[in-house]
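Take a look at these structures.
Same chain, two partners: chain A is paired with chain B first, then with chain C.
Our next item is the complex of A and B:
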């Protein structure tokens, strides 16, 4: 069903999610498009692009190639680039045109691998799904290709679902890594931001997976089923809530059972606080508001899709600008935490306090400075200041 | 000098891109744009529009896979109605943009436009294409948006002596000798689309007797206006070579004077002498400093490099994604006469490595500066504001000051708000 969006900019798509996962690896990755899709990623979805030498390219798809289904041209360009750049891996990333003409990106990747001897992956991304699907799709494909089951090493964890569209350049992620280390855990791999092939291959030896985004949750589910690694899904936001997170981690280690960080608020349903954003981060913000600041009515509204397993009663999935606008102006909320771009949706007379939490997948580099420091007590400092 | 370009995977540097068709379309006064595409296709245009404070005129109808399979023509008409209800001020023009995939599904845009104009009287509609997949064809997006923009001018009988300037997003600098030159031909007003705040006022451009096209993207539009309005045109791409500029003014004199008239020729001496003086001044300041010329700065980077070499500057590199037709002669001249000058293919996959950096250099253009790691940048983008002898004087002044301070390149690129 077509959806009108008058004020908000489009959110980050699946092909950008895949590309962010490939960014750190020694690949030759090509987005199969004319130029604009690659421009989305390099210009607005990859905060690390400036100054990097990450070999992520555009295939330079042209009308005649699409009409003739000329995959050979793409393969030739990939092989030529591989000869010059000597990658460990090649990957092909789909976009709307390959979707329309039915290009088999995985099939082309198999052909590439057969001809070059270089492991290759193909992703049937379409530009009609959000980035988190791409992050999960690419990371799981990499795990399938490169990570064999191996012996568990006690006291080690992986971070799953780390990506720049949820964590920008990674300031909060860095703090999180330090907190994990301070708590006495070793980090085997941080998938899929700030890692390398070696870490990827060792990822199945971790004792616990820490899923820090919806994409992370999807990856953690895969790793639980494939390697038997239990997971904790959440982020240690807030002083007390953050301490609770590490207690939950201990519990996962002790029991081997998965845990999902959830609000302990008694009252559900209509809330006085509305958090709009990515589900796992929004859940963690709610946990902090409830545990550290005594809020009792906090509603999470997911804008990139809602996982039932991560939801509390009354949580929402807002799938269009109209739905977001209606919720923001419903009169139910004393406070709204959302990306700065959404402030313009507040209608005249709406007295809700609007707290800005910039999401790179929404406002890209335009609002980069408006992401709060949120790990542990940093959140308390930010929230009190607001 | 490597005298060939290769068809490789494309590298997209952070400095790659242009002003974009969103911004070009926004030049139409009292217009709004509705993009009909998968949401992904609109992201870069939208974020860039936010940065340029244009987003309030840009909306989206996101289509999903089922809409694409079924065809989305019928969805557009009610979506336009919903959009018009939302907007506080009713637009005079709605530009409906579709993306690359539309080229492959056969939307009937003529029928759609008719239906829209019938449903929403008093508003002009145009089907526009944001389809870089058509690059290399006769009508890539940069050209088709110009065609659409100027097709909105209605034919009229009351013509005057003035001339339009087509294709350049920004008018030629008002200090240019172009204006007194045109006055000698009876043209007191070189009309440019940015001069008009209303759609009604914009229609004045249909009164002009001729078009001056200084960038190749508007040649087709000028051809179409010739057919529709009987308006002749003169194509004179921006050049920085004194010899070429002299010929250009001769050509313009012949093409733009009123038929049957023989006005006195303008004396360009003071303008030419000023340009020559500024060339010498720039040379005395930057001396032998290596110069990189890049296609983000000018449509004809090989032409600019040739001019600089002829003036005695030390050009070491020209960077471009391709050689465009009007620059081919300059490219060949450089290949033959200055094989020592390096050609960097900005889109080549090896450009990602940013090898052979030249930090102690002045880059004319941000993309060239990025790949070379230049400390100094001469701020010029797409020849904006440049023309004739005054254009030469301007770039020489810029060149003379290029080494005043090291560039904050990332900030400069960010401020440009480029779109691929």
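Our next item is the complex of A and C:
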């Protein structure tokens, strides 16, 4: 019972992460489920869904299909959809039932591709991992299939790990893209939100990768190993910290070495301020609080998993509502920055100031507008107003 | 690295054949890993002096899924053969097929193949491909070749045909290739002809006929393979010859 969530809804899962990556491409995506997972994605994990033409279907998996492992039925439906919609790509996304019965989504996709002639990808997503794993899994699969190593174009960057579960409808992402352009860089591809097949294929020509989320970091690691593109992992939040980010970017270009935006030893550790959320974004918020506002003790608590390479000493991984509740009410923090849903976890008498930073993977469209303006000096304005 | 899955009817001698093959390959200088994919988890017993090793699922049950290290599930047996048992649930409950998948995912997650860098991996798989989990060893990324152990007995040939069909059905999926039948003789009438006919009907060949020999029983009484217990025996020679023939077949297919 220690992992039971009483107040928080389940965080966005891996199959939603995969589906968000496929959204911008001319893809027919089928989620292999009874409809609950598809509904979860279209209803709560995809802010771009309503009014869009993105064809994401539910396979309509039923008990007898699970018993008989009737993959042929799924393949037939996909072939029919391909005939009607003429997609560039097809993808099959797993959910808990295929996971339990051992459906081989990658194998089925191979067969689909052989029979349709359309490039197809299968994802053995399970619904038991978080969205960031799905975003990374899908983007890396696309890169493997479509992006060959090519000549580097100086002064160009990719944005990696952009996805609606970290960036909602993309308000901050748009500002970030403009800032990057203002700084004189060309953007080759923004993976995997606001991109197309052409950009995907050119992605290996960028000089530097900018990983803006944990998913982005995982993709950047893959691209570094495969294409030799160095990366900067972070987000330019805050006026001074944001300027520091662009200095780091210049350093990556100069040295060809990877850099991770991270506070120094004296600027971290327990106490004072607690930031709960996605690791790269939380690190960037900490950087801004430290550099622009002189905070000295800021703790980052990851709720979707903690990447050791991105962590500072004292950072936390909170793996259940109970652990989040205990940390929020530990009495150590003057201020807490977290998703609005987590405010209800504050117990009576807790005097911490609570700043809302809506995370789409946690509170979906319910709190969609309560995300701070983060990029560059916008954060300073927002923070001062609070 | 060559990855081989050995299938066949329950009780036909898959584990005996696979363990002797592992021992023979190791004597030829290859680094070998044998993975038992059967809930009864006794595939590698004769490479481990007759002792059953803790299975991957035992360790997950005991230590929790995130607290397992490679050394908890990979054990070095005869002549350096690396032994792993996937394990399974308590009979009558749970899902053995899903257990195989979980065990395989755990080996991959812990980087077993990158760490030990085996030249040859042998998957010894439960009797028949009864569900998705037991097809795991032949999926893309796992075994490259499948060998089916059979005798001339009706039920063994029936199982061999079913397995062959399953592999052929997955032809478009980039799965393992059927590389041949291994005849584990039971001395039934016209056995060689029966097995050869079944192989031909399944568009494959009999890679090797292993004779029935008491040396196997003698070695197993000592908790060993024939290659270890009776290295100079004719039967040890038969297994070495089988290993060579399999390498030949796979070389042709590569």
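The rule is short, and it goes like this: the second predicted complex is superposed on the first by the 380 of 386 C-alpha atoms of A that agree within 3 Å, B and C clash if a C-alpha of one lies under 4 Å from a C-alpha of the other, contacts with A are read in each partner's own complex, and residues count from 1 in each chain.
By definition in this document, a contact is a pair of C-beta atoms (placed from the backbone, for glycine too) under 8 Å apart; a residue touches a chain by one contact, two chains touch by 3 or more.
Bear in mind the structure is a predicted one, so any value in this text is a computation, not a measurement.
**Student:** Putting chain B and chain C onto chain A via the overlay, clash or fit?
**Tutor:** fit
**Student:** Between chain B and chain C, whom does A:10 touch in the aligned arrangement: first, second, both, or neither?
**Tutor:** A:10: touches chain B, not chain C.
**Student:** With the two complexes overlaid on chain A, check the angle at chain A between chain B and chain C, Cα centres, nearest 10°.
**Tutor:** Value: 90 degrees, nearest 10.
**Student:** Which of the two partners, first being chain B and second being chain C, lies in contact with A:283: first, second, both, or neither?
**Tutor:** neither
**Student:** Answer with first, second, both or neither: which of chain B and chain C does A:69 touch in the superposed model?
**Tutor:** So A:69 only meets chain C here.
**Student:** Tell me the contact category for A:192 with respect to chain B and chain C: first, second, both or neither.
**Tutor:** neither
**Student:** Kindly classify A:91 by the partners it touches after superposition: chain B alone (first), chain C alone (second), both, or neither?
**Tutor:** Touch status of A:91: no partner.
**Student:** After the superposition on A, what does A:54 contact: first (chain B), second (chain C), both or neither?
**Tutor:** Touch status of A:54: first partner only.
**Student:** Of chain B and chain C, which one contacts the greater number of residues in chain A?
**Tutor:** Per-residue touch count on chain A favours B.
**Student:** First (chain B), second (chain C), both or neither: which does A:106 touch?
**Tutor:** After superposing on A, A:106 lies in contact with chain C but is clear of chain B.
**Student:** Please work out how little space separates the C-alpha atoms of chain B and chain C at their nearest point after superposition, in whole Å.
**Tutor:** Once the two complexes are overlaid, chain B and chain C approach no closer than 5 Å between C-alpha atoms.
**Student:** Between chain B and chain C, which residues of chain A are contacted by each of them?
**Tutor:** 100-101
**Student:** What residues on chain B touch chain A, complex-wise?
**Tutor:** These residues of chain B touch chain A: 7-14, 16-17, 36-44, 46-51, 55-56, 59-68, 72, 75, 79, 82-83, 86-87, 99-101, 103-105, 130-137, 347, 349-350, 352-354, 410, 413-414, 418-420.
**Student:** Would you mind writing out the residues of chain C in touch with chain A in their complex?
**Tutor:** So the residues of chain C touching chain A come out as 95, 97-98, 101, 131-133, 135-136, 139-140, 170, 172-175.
**Student:** Over in the complex, which chain A residues touch chain C? Could you list them?
**Tutor:** Against chain C, chain A makes touches at 69, 100-104, 106-108, 110-111, 114-115.
**Student:** Which stretch or stretches of chain A touch chain B in the complex?
**Tutor:** 1-7, 9-16, 28, 30, 33-40, 42-45, 49-51, 53-55, 57-63, 66-67, 77-78, 80-81, 84-85, 95-97, 99-101, 126-128, 341, 363-366
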